[in-house]
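Read through the structures below before going on.
Presented sequentially are two complexes of chain A, the first with chain B as partner and the second with chain C.
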Partner chain A sequence: MNENRFASAFLVPSGLWLLLLFVVPLGFLLAISFGYTDDLGEAIYGWNPENYSRVFDADLLPVLVRSVGFALATVVLCLLIGYPVAYYIAIFGGRWKNVLLALVVLPFFVNYLVRTYAWIAMLGDDGLANGVLGGDIRFLNTPYAVIGGLVYGFLAFMILPIYASLDRMDPSLIEAGKDLYGGPWQTFRNVTWPHTMQGVLAGSVLVFLPAVGDFVSASLLGGPDEVMVGNLIQQQFQASDNWPFGAALTVVMMAFLMIWMVLYLRSAAREARGPA
Partner chain B sequence: MKRNPNRRELLRGGAGLAVGLGLAGCGAGNSSSGTKEQTEKLIKKKIDGDLVYFNYAEYIDPALVKKFEKLHGIKVRESYFDSMSAMMAKLRAGIAYDLIFPSGEYVQRLISGNLLRKIDRDKLKNVDAVYPQFADPWYDKNSEHTTPYGMYATGLGYRADKVEMTGSWRDLGEVDTEDRSFLLDDFQEGIGMANLVNGYPLNETDEAKLEKSQQYLVDLKPNLRGISTDTITNMTSGNAWIQHLWNGDIVNIRNQVDNPEDFKFQKNTEGIPVGSDNFAIPVNSKHPGTALVFMEFMLDPENAAQNVEWIGYPMPYDGGPTEAFQGLVKDDPEINVTVDDLENGQQFENLKGDGRLAWDKVWTEFRVS
Partner chain C sequence: MSVDVAPPAAASRPAAEPARRKPPKAFDRPRFLRVFTGLFFVVLFAPIGLVILFSFNSSRSLQDFQGFSLRWYEQFFQSESLRDSLIASIQIALVTMVVATVLGTMLAYGLVRARTRWSSAANVMMLVPLVTPEIVAGASALLLFTQVGLELSITTIVLAHITFSISYVTVVVRARLSALGREVEDASMDLGATRWETFRLVTLPALWPAVIAAGLLVFALSFDDFVLSFFTTGESPQPLPVRIWTQIRFGVRPTINAIGTFMLVVSTLSIGLALLLPRLFGRRESGLKVLLGREGA
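Then we have the complex of A and B:
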């Protein structure tokens, strides 16, 4: 009993944290999504479900699908790039491990926005990349540039959890796999990969969520057809002064993502339980 | 040294934070207005503490700020906003600033919420040099709350070495730029331009007409490479040959490239959106005296002339400041905002109720299309 109370005391800080920084703001968001805007552009609480009918009138589906598509592509690319990097650092890093990890994190000391601006200078028609390649390649204002910006922006969120799970793994397991006549690929598939599944899942979620709501990459690196849902929401808060509509858009996007997440987590859980 | 980015944009991302603060401060719901009495309290033009000032980043010559600090032995504490909405969010959250830089539209909003202090304009030295067009502007009756700051006009920036222009807004979609045309990502400027092209007033809100303007934008889209506010980067990187932009952007672009003579500004025949930013003192200012002294400091012809050269936007003060800007753009006088432009140009107004929603809808549907 005593121990139980002790344990619940530990829940207080995180519970408060969740309440203040998650539940309460979400409540505000929900409340304001039913509000309206006065003539001065100020959001007023009220009952105005029209915000939601406007969301569905706007034919948002293509934008939502595009946002999810870009985010999924970002996750796949981050995984393809991030896993080998994490693997190299964890297995072969030796005494350089911490230095290498610091190098992964270092770019994050610079604001994401500023780093994205740097890509414009590098990938512009008269930019560095075209200068070096001597070509006339149109990098910017394409879907590839947007996805590239997202991958660059969120790559570390993939590397770090995978690194953590690799670091936790007992390296003698790999030796054991080899002792059992497993080739490098078989050993990886049957030993290493399953052991790092948690890290891969965590990294995928950490990359997917910020990517799907991002507006910076699409706004700086995209063309007229690369608009993401984040851009529409940002527009309402930053320019049109229509917070209620922006809040309604946000709620709809969250609901849409929630459905995906639940489906995904359920299938992941089923897989984890195995066919047994 | 002159180097400064687009006055309106640059770090929009950071503004997300400002909005967050606004929400946290519970901007919504509690109508955060002042009272009439608060606005009328007379301000003594006397230093009464440090100046807490709130502006776009890089929108004033820092040397002048230093000079002001030295002159009066005080500190200027600067903070920045990146959009008018973000500025409003902070003001609504109750943060106290002594001096802010709102555009005409926002001045009107702030006044109607009793959020600006009245100033005794006649007591300001050099105020007579302000263009008469600003003696009784539409957003501030008898200019009781503001003095004007940078003036801007919207047009098309273009590469004279790459394209032939005709003087029309339609050049944006019709002149062949090998897919290097950019529209401003600004719902007012975008819809306003479409209205002008269709021969409607800038601030048209009639639904049938707005539908035509929306159609114009949708038809324009395949001819655009991007919809973007990074006008300076777009043009200096060679990505844009025609860019919808504000006149001061071109000045700043020309300062950054090796071939400034190739970068020109076109004011379009269908009409020109014009406007100005302003100095104003919020009602909750703790040092309104210092703010007023600063307003007067910026009216000084020498200071204003120096500032015009740094920010790249003209200020509507006769004499030195006007001449300084004319000198700055003597290769391409189109960049200037003249008295003529002020009289013939159109200014964005505060749209009310359904009109505002209609504009918002047009832009959202255009972006989604």
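Then we have the complex of A and C:
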């Protein structure tokens, strides 16, 4: 048998699976986002663009803006925390490199809910943080707590790609920068940073995407003033049972995120085509 | 390995290699960076340490530790409904692991070895499920199941988990397959093996470490998953993370510490196994590289 035909046959089962259980459901989502609900709250297909005008309603706008704002703040914080850590591990990790990397990854296999719950216990009004600081500070139900929860949740997605790009970089480039009398900051800005740009971009997208759609952090660490779009979507599909509106919210979010997804996929494709 | 033929390992390495390993003198090791990384790890592990510690607390308190006890673990394992949830979570993760690993490995083989018009597009498209926010995946899976009249249960959770695990497997296995090269397969065909025999006896054995590592990764991801399960779960039994969610919403309960610690042990075991696996196969590469799909890159 021809190798091409043999190998192509291997594509069929997974291709069909992804078509039926990934692509088709997205089609359903798009279709129902133009639907109605009947008196029983049951979703019916139809033509009802109203769902979309409701998304951009004046009283929902702050939620959308907040979701993007929280996610951007999360990306910036992850970058500020993740870059130095990735740098330390990649350049100075030595024989501990793999151990340190494993330590970075390990906490992310502790259930996200349990990790968030741990923060409730630490940051609560009579939690450990207030005990240590001896103060009476309100941490929970603030934007800081929600953003902190998101950072803690997705930090590994930033560290790993940055680490990978630093690891790929030839250290003699940094040496060269110093030989040319660049100071540490100049060398970093003109040599290291541009060389790790791909990792920084990949990490930013990988943090941004799940952060925008997250509802766990805002539900558990935030109050009514920290509601994000994920919470709205979750409510429509669970409690308030307005699936068409929930679907419209999801489609709008997806459309907005698509830009970033395409950016990421393009850089992934470039990387797959061959080492630069 | 015969000693008299092989040159000493150090000499056989290309000259540039030792310089890459050691940080050159030009690097000054800023103390700031070391302190920062140290602090980072402290903050990273503090909440987890707290969960583990207080899972053994004898009182309900989450603030002060009053003595060692296993009462929260007893409560966890003696509650019939929590035990059902644990069993459900393990069943879901096992089935997801097996099916997603088979499908993902096949996809990887097809993507690397088939040269069709859509190959390069397909190679990128298979990444889409990885970057789709889970809430989108959960909502659309829920829609599909209700539209085709499938009752929500463990089965629907498994279907959703498999869909989003295939890509992880494919990324990990694809990296190993690309690094493998065709020569061995060509040699096998030259010796009269059929395509299928070559795949079964040559390709697959070479892929095993990556396949098993990917499977263990999928097990851990599925076992821990909350959002997809939350959207696609039936009434009962619900997987553990969904139960944790309900418990947290009803107020902080110390049993969660015990459940969390237990889940941590299960995930750490499967990930640890995945990291150590290449060594068990007698290979010297790092398991982390295999898992990150960075092998040979």
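We take it that the second predicted complex is superposed on the first by the 212 of 276 C-alpha atoms of A that agree within 3 Å, B and C clash if a C-alpha of one lies under 4 Å from a C-alpha of the other, contacts with A are read in each partner's own complex, and residues count from 1 in each chain.
The rule we apply is simple: contacts are C-beta pairs under 8 Å (C-beta built on N, C-alpha and C of every residue); 3 or more make two chains touch, one makes a residue touch a chain.
Quick caveat, the model's predicted, so the values are computed rather than measured.
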Have a look at where A:P25 lands relative to chain B and chain C in the superposition and call it first, second, both or neither. both
Would you sort A:G213 into first (chain B), second (chain C), both or neither based on which partner it touches? second
Could you say whether A:I44 touches chain B, chain C, both of them, or neither, answering first, second, both or neither? first
First, second, both or neither for A:A7, with chain B first and chain C second: second
Just checking: does A:G223 make contact with chain B only, chain C only, both, or neither of them? Give me first, second, both or neither. first
Report the partner of chain A that touches more of its residues: chain B or chain C. C
Contacts of A:L166 with chain B and chain C, given as first, second, both or neither: neither
Which superposed partner A:G94 touches (first chain B, second chain C, both, neither): second
After lining up the shared chain so the two structures overlap, which partner does A:M158 touch, if you call chain B first and chain C second: first, second, both or neither? neither
Name the contact category of A:W243: first (chain B only), second (chain C only), both, or neither. both
Would you mind listing the overlap between the chain B footprint and the chain C footprint on chain A? 25, 28, 32, 111-113, 117, 120-121, 124, 126-127, 215-216, 219-220, 234, 237, 243
Write out the stretch or stretches of chain A touching chain C in their complex. 1, 3-4, 6-11, 13-15, 17-18, 21-22, 24-26, 28-29, 32, 81, 84-85, 87-89, 91-92, 94, 98, 101-107, 109-115, 117-122, 124, 126-128, 131, 152, 155, 160, 164, 168, 170-172, 174-175, 178-179, 184, 205-206, 209-210, 212-216, 219-220, 230, 233-234, 237, 243, 246-247, 250, 253-254, 257, 261, 264-265, 268-269, 272, 275
Residue set of chain B touching chain A in the complex reads 11-16, 19, 23-24, 26-29, 31-32, 83, 85-86, 88, 92, 109, 112-113, 179-180, 183, 185-188, 221, 224-228, 230, 233, 237-239, 350, 352-353, 356-357, 359-361, 363-365, 367-368
Okay, in this complex, where on chain A does chain B touch? 25, 28, 32, 35, 37-45, 54, 58-60, 62-63, 111-113, 117, 120-121, 124-127, 138, 140-141, 215-216, 219-220, 222-225, 227, 231-232, 234-243, 245
The chain C residues in contact with chain A across the complex are 19-20, 23-24, 26-30, 33-34, 36-37, 40-41, 44-48, 50-51, 54, 62-63, 103-104, 106-107, 109-116, 120, 122-124, 126-129, 131-137, 139-144, 147, 159-160, 162-163, 166, 170, 194-196, 199, 220, 224, 226-227, 231, 241, 244-245, 248-249, 252, 256, 259-260, 263-264, 267-268, 271, 275, 286, 288, 292, 294, 297
